[in-house]
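What follows is chain A paired twice: with chain B in the first complex and chain C in the second.
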Partner chain A sequence: MTTQSFRNAEGGLIDRATPLDFTFDGKAFQGFAGDTLASALVANGVRLVGRSFKYHRPRGLIGAGVEDPCGLVRLGAGDRAEPNTRATLTELFAGLTADSQNRWPSLKWDASALTGLAGRLFPAGFYYKTFISPQVLWPTYEKIIRAMAGMGTCPEGPDPDVYDDRFAHADLLVVGAGPAGLAAALAAGRLGQRVILAEQDMRLGGDLLAANRSIDGRPALDWVADTVAELEALPDVTLLPRTTVFGYHDHNLLAAVERVTDHLPHAPAGLPRQRHWKIRAGRVVLATGAIERPLVFADNDRPGVMLASAARAYVNRWAARPGTRAVVVTNNDDGYRSALDLQAGGIEIAALLDTRPEGGGALAQMARDAGLSPRHGMAVARALGGHAVTGAEITALSGGGATETVDCDLIAVSGGWAPTLHLHSQARGKATYDESLTAFVPTDPKQAHESVGAAAGDLTLAGALAAGSRAGGDDTLAPPADDHPAAPIQALWQVPKPPSGKGKRFVDIQDDVTAEDVALAHREGYESVEHLKRYTTLGMGTDQGKTSNVNGLAIMAGLRGQTIPAVGTTTFRPPFTPVTMGTFAGREAGHHFAPIRRTPLHARHDALGAVFQTAGLWLRARYYPLEGETMAEAVAREASHVRRIGGMVDVSTLGKIDIQGPDAADLLNRFYVNGFKALPVGKCRYGLMLREDGIVLDDGTTTRIGDTHYYMTTTTANAVTVMRNLELYLQVHWPDLDVSVASVSDQWAGVALAGPRARDLLARVADIDVSNDAFPFLAYREGAVAGIPARLFRISYSGELAYEIHVPSDFAPALWDALLEHGADLDIRPYGTEAMSTLRIEKGHMVIGTEIDGRTTADDLGMGRMVSTKKPFIGHVLKDRPGLTEGGRKQLVGLVPVDKRTPIPETCQIVKPGVVTGRDPVPIEGHVTAGTFSPSVGHPIALALVKDGRARLGETLHAVSPTTRVRVPVTVTSPVFVDPEGERLHA
Partner chain B sequence: MLLIPCPWCGPRPQTDFTYGGDGTVVRPAEDAPQAAWADFVFVRDNPMGPHRELWHHSAGCRRWLVVERDTVTHDITGSFKPGEVPS
Partner chain C sequence: MPDLARASARASALATVSRPGVGPDCGVRLSERPADALVQVAVPAAARAAVADALGHALPDPLTAIDIPGKSTRLLWVSADQWWVEARDGTAPADLAARLAAAGARPTDQTQARVVVHLAGEHTRDLLAKGWALDLHPRAFPAGACAQSSLAAVSVMLAAVGGGAYDLYIPRSFAQSLWDWLLDAGAEFGVGVD
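And now, the complex of A and B:
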């Protein structure tokens, strides 16, 4: 166990009475409750935390919070491992295990870095020029690059954790619980508003947690404690710590992730790991603070080079010293505050460099009073050391190039503060460059949101408190604070290379983009910020350039001789910080990815040993295998049984629509291509529907069950579409029609009874006369079946003597049982959708998706004669457009293998004999839509759409599938293989 | 995700609705020439700015409505019952 030798004995928001054991790269360490993984590593003197993306350079912590680009670790192990987790945002818990990334064989001795291989492989734009040719070698290159670059490795198995969704509404959503956010929430909360305050940190307080500040003459943390206590007591205020608002979407919908149990060693039962909040807010206050910028100088990525604000955060909040002897370099007054805090925390200030030639405000004077001697016009030219900083080469910026070396193990840099305007920008707000801040500030919000405090560019504490209060609705609340008048910042975008020319000057430390890469992009013409980003990867990666964007585009602006606002910024997009995939998936994963619809007879099928298949969201009984039977055997048996004896099949998935009203017949007449006005009560009619463009949409039967009352069935696939269309035309296009429609798909279940013995069975169970004369083909009757009120239809999909029996869904199992029971001695058995498919192929009946495929016309499908010429209907004009009426269209035909043996797979294209399939375009005559073994004709058959097919009956063609190397000589036939006269149907 | 004001139900999330296409096209008379029908089915303006479109409150009241939405900002400036759309 390593002791916490860099931990101060006092101070900080940690609980020294609660030590927590953890491991990093397998080595055991100890931290305290209140630590992040990063602060615990700092307290233990761990400097080296990772290897860089491209160059595999040693990297340490640069930030202390969301801005940190390099402290990315793999947390946990096995199927719970999570790569690319920020150490700075990971709350320490007992038993935490973390591993560094992007290194082999070890963090300290990395092979790629030792050989310098990576440095030669990855200049800016390397993807675009290094590996262009030969093309065949790309897979090899890719393997090498993927192994060397990339960030971390995936978990080993499926995510075992549970994630939740939560929808919420608020009058006011406050993002960020620093001084401005707390003030806003307090003001609005006191006014009785519904407030949600979301804070990514484990603790509310924001920057005040890491600063020695005072509010109203008291320590700022006291004000935080009082404010949080009052907010907690307000009934309509919801406080969400550990919650990152990562997306700002249309109409004030914001997405957030709450880390519910990530910080607990063992998640309590019943709690999700994370919760995905979708918050619709009346107003949003963005109190997201600001992020300090690093300075660009040689080897500014060495472990021990750290943002000054981060160094003071480690000291103030966690009593952890990121070094023992520091060089502080700043271009603004805030660097002095950091130097003072580091000194107070027990770190020796070896040098305090102010890049400005002179001046400094009140804080500079306080530093001098504290015995520090700021050196003006000076900067760090190069950091010395490898795995850790050992010194700084410092230089005067006024020229001359002379350097001196200062021994140190910490270089704290402050390049000024940039408002965190990501969410503002996601909401399409503009960013305007502010010279006095040398940063972009949010302007011109497009939605109901307001940025306050540092997020708006006001870096004073009193200003943040005032703006927050005002945004919350009460500007009388703002207390005074201890701000000091500041001298202007200096715009310093890069420190010149040291005279030795040594070292890389990193702009984007996570993505290994240097000032030289930006210059290279400029030389090669990639001058726009969007090109710069894509060519160099500047601002990409898991941190999306939080510390690098402004420096990068400022350097580009300098090269182009333009101002920063003229160069502009790239667009910020969600998410603000990476979100694990499980959070988006929520509960809708695996089995729950989509809802499952089961018919009212599902349990019956299950009890009969059915094999199910999915059809859209439905689960349908596909076949009922006997012991030892293959699917093909079972299907052939079931289909043959229907033709010889009889069977019953669940057709409950059909769309069913109740249509009532004086104009119902007119509506149907306008929807179907064939006439419905003359349909008498008690009769069914098959109908075909087109789309407005003249292509077939759907087919089904509609029955007139009363004078102004119809019952429509649609295909299973189009149940939703047809219903929506009926509503569209009735509400929008034909509001004058007096008709009501209602979907009754779920209210009615259906069983089709088919085969030579169907009538015998129905006669036993129905209380109506089922003789052919009394109940002929296409008739409709109402009656009781086994005592159940039923709608009976003499219609047939199988081509056999058949009935559909529809009953209220709750009665479906009783109907099924009665049919099975009374049909037992008749040997009537259930059959599945696969046998139903065989039966329909034998009859040349069409199916949505294969024959009715969104491209075929009524004539293509052989239904041209059904189409009325005497009335308008949907699609009646455009069905006659030239493209649909010219010759050469594919028409529905049947196919029979010439050898009467070889199956015709459904994947086949159809070509003329002798046509060779290869690399060249192949003249295609058509394609197979459905194939099966027909037990009725005793050999394989298929349906196909073939060019001018009806004129080619008897012709021999080849069904081919180059991918499966199938070539079957076939004869073109009529699509009706069984009972073309329909005698069985009418029996 | 948009917040769509349904004229019957009030503001509801976009997930309640199904998009129904351009709300400005008018179905031609049944005896209109083929070209008019081709325009109705195939030809659409692609305006940058305010636009009227059909939406179906499919997981709500099952009513069709006309929504006036800015295609650039997604701001919704009105929603109307069919037949009550101001010109």
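And now, the complex of A and C:
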């Protein structure tokens, strides 16, 4: 166990009474509760945390929070492992395991680091230039590039964790719980508003957690504690620590991810790992703070070069010293505050360099009072050292380039602060360059949002508190704070190379983009910031350039001889920080991927050993295998049994629509291609619907159950579509029709009873006369079946003597049981959807998705004669388009294998005999839509759509599938294989 | 014909679901509450007064549900000119439908199309918010409000019935699936079944 030798004995927001053991690259360490992985590594003196993206250079922590580009680690193990996690945002817990990335065989001795030595060979656009040709080698190149440049590796197995979704609504969403955000939430909360305060950190307080500041004459942390306590007590205020708002969408919809249990060694039962919040906010206050910029100088990526604000955060918040002897370099007054805090934290300040010739303001005086000696007009020209900083070459910016060397193990840099305007920009707000801040500030919000405090470019604490309060609705709540007048910042985008010319000056440290790469992109014409980004990868990666964007485009502006605002910025897009994929899946994983619809008979099928099949969201009984039976055997047995004796099948999934009103018949007449006005009460009629474009939409039966009352059935697949169309036409197109429609798909269950003995069984259980005269084909009766009020229809899908019995859903199991019980000695047995399909193929009945495939017309399907010429209906105009009426269209036919033996698979295309399928396209005569073994005719059959098929009966064609090498000679036949005269139907 | 009157009992769509007991820490309590009659009724404008007379109460405004005082009857707005009449006083659906038809309305029996689940307990809103996009804060959705929207991708009617409790009207075919979802999503609060 390594001791925490860089931990101060006192101070910081850590609990020294709660030590936490963890490992990094297999080595055991200890930290304290309140640590992040990063702060614990700092406290243990770990400097080297990763290898860089392209050059595999050794890298350390640059930041202390969301901005850190380099501290990317793989957390956890096995399928729970998560690559590219920020050490700075990872809350330490007992047993945490983390590993560095992008190194082999080890972090210290990385073989690919040789690319760093050969860096000259890997300039900007290297991939584009090198791997262009020959093109056939691209797959090989891609593997090499991925292995070399990829960050982290994904786990292979399914994610074992649970994720959650949450919708939320608020009058005010405050993003960021620093001084401005807390003040905004407090002001709005006191006014009784519904407030959500989201903070990505584990703790509320923002920058105040990491700064020695005072508010109203008291330590700022006391103000934070009081404010949080008051907010917690307000019933309509929701505080969300560990929650990153990562997306700002239209209509003030914001997306956030809450890390619910990531910080716990073991998640309590029922709690998800992360929760995806979708927040609708009346107003949004963006108190997202600002991010400090690094300075660009040679080898500014050496472990130990750190943002000054991060160094002071480690010291102040975590009592962890990122070094023992520091060079601090700044172009603005805030660097002095960092130097003072580092000194107070026990770090020797070896040099305090201010790049400005005139030096700083009040804070500079405080530094001098504390014994520091700022040197004006000076900067670090180059960091020295390999795996860790060992010194700094410093230079006068105005001089001839002479350097001196200062020994140090920490170089704390401050290049000024850039407002975090990502969410503002995602909401389509503008960014305007502010010369006095040398940064872009948010302007012109496009939705109901407002940026306050540092996010708006006001770097004073009092200003943040006042702006936050005002945004929360109370401009009287503005406590004073310990701000000091500052001298102007200096725009310093890069420090010239040292006289030796050594070292790389990194602009984007995560993506290994140097100032020289920016210059190269400029020379090669990639001047636009968007081109610059794609060409050099500047601002890409998991940090999306949080510390590099402004420096990079400022350097480009200098090269182009233009101002920074003229060059502009790249577009900010969600997510603000990476979000794990599981969070987007949320609860919709596994069997909750989609809701499951079950018929009222589901448990009955289950008890009978049914194999189920999904049909849309429905689960349907596909077949009921006997012991040792294959599916094909079971299906043939069930289908054959229906034809010979009788069977029953659950048809509850059919769409059912109740239609009432004086104009109901007129409505039906307009929806169906065939006439419905003359349908008498007590009769059913088969109907066909077209889409507006003349293509067949759906079929089904509609029954007139009362004078102005109809009961429509649709296919299972189109239940919603047909209902939606009825409502659309009634509400929008034909509001003059006095008709009411209601979906009753769930109210009624249906069982089809089919086969020669169907009537015998129905006679036993129904209280109506079921004789052929009293209850003929296409008749409708109401009565009781097994004592259950029922709707009875003499309709047939199987082609057999058949009835459909519809009963209210809760009574369906009783109906089913009664039919089985009273049908037992008649040998009536259940059959599934697969046998139903065999029966319909034998009869040439069409199905949605195969024959009714969104391309077929009524005539294609052999239904042309059904189409009325005496009335208009939906699709009646466009059905006569030339393309739908001229010859050569595919028509529904049957196919029989010439050898009467070989099955005709459903994937087959149809070609003329002698046509060789291979590389070149061949003329296609049609395609197979459905194939089955027909127990009734004793050999395989199929339905197909064949060009001019009805004129080609008897012709021999070939059904081929080049992918499966199937070729079956087939004879074109009528699609009706069984009982073409319909005698069984009317029996 | 044999005596086949075996169908006096309705089979619940939730007959086979898991029903964990109510413990002291349950944040959400579920109970299945089948209605005696649930009739959807389309009411032409001309019939509104007669229908109100027949019901003994005016039809509620959009997005509103009313429990008729002194009667075990609830009226829920469904869509333009459509309402649900839900009776829990033993009324048979056919009788209720006949009464509404006589008043000039167009009734459709939906008694067995919907499974009514009552949700109560301090975390009820937290649970619903995992799959329900509409705002349920009492200021936005007070007792007496009702709305149809998607709960975990299932289209349901939700009515706020007061005391932080809600009645959920689930399409029968989705009831088991949504029940499973409620138990699963509610695990962190503790879900018990009354």
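Of note:
Simple rule for what comes next: the second predicted complex is superposed on the first by the 973 of 987 C-alpha atoms of A that agree within 3 Å, B and C clash if a C-alpha of one lies under 4 Å from a C-alpha of the other, contacts with A are read in each partner's own complex, and residues count from 1 in each chain.
One rule holds for everything that comes next: a contact is a pair of C-beta atoms (placed from the backbone, for glycine too) under 8 Å apart; a residue touches a chain by one contact, two chains touch by 3 or more.
In this text, all values refer to a predicted model and were calculated from it rather than measured experimentally.
Within the superposed three-chain model, A:872 lies in touch with chain B and out of touch with chain C [touch as defined at top]. Look at A:280: by the touch rule set out above, it reaches both chain B and chain C. Judged by the touch definition given at the top, the superposed model places A:724 against chain B, while chain C stays out of reach.
When the two structures are aligned on the shared chain, A:168 is found in touch with chain C, with no touch to chain B. Looking at the superposition, the partner that touches the larger set of chain A residues, chain B or chain C, turns out to be C. Of the two partner chains placed by the overlay, only chain C lies in contact with A:787; chain B stays clear of it. In the superposition on chain A, contact of A:881 is made with chain B only, not with chain C.
By the touch criterion defined above, A:692 reaches chain B but does not reach chain C. In the superposition on chain A, A:603 makes contact with chain C only, not with chain B.
When both complexes are aligned on chain A by C-alpha atoms, chain A residues 278, 280, 731 touch chain B in the first and chain C in the second. By the touch rule above, chain A contacts chain B in their complex via residues 249-253, 278, 280, 428, 446, 692-693, 724, 727-728, 731-733, 735, 872, 876-878, 880-881. Residues of chain C that touch chain A in their complex: 1-13, 15-16, 40, 42, 44, 80-82, 94, 106, 108-114, 129-135, 137, 139-140, 152-154, 171-174, 176-178, 180-181, 184-185, 187-190.
Remark: chain A residues 164-169, 194, 236, 268-272, 278, 280, 587-588, 591-592, 594-600, 602-603, 618, 658, 660-661, 731, 738, 740, 742, 744-747, 764-767, 784-789, 807-815, 817-818, 822 touch chain C in the complex. By the touch criterion stated above, chain B contacts chain A in their complex at residues 1-3, 13, 18, 20, 27-28, 30-32, 34, 37-38, 40-42, 54, 56, 58, 62-64, 73-74, 76, 82-83.
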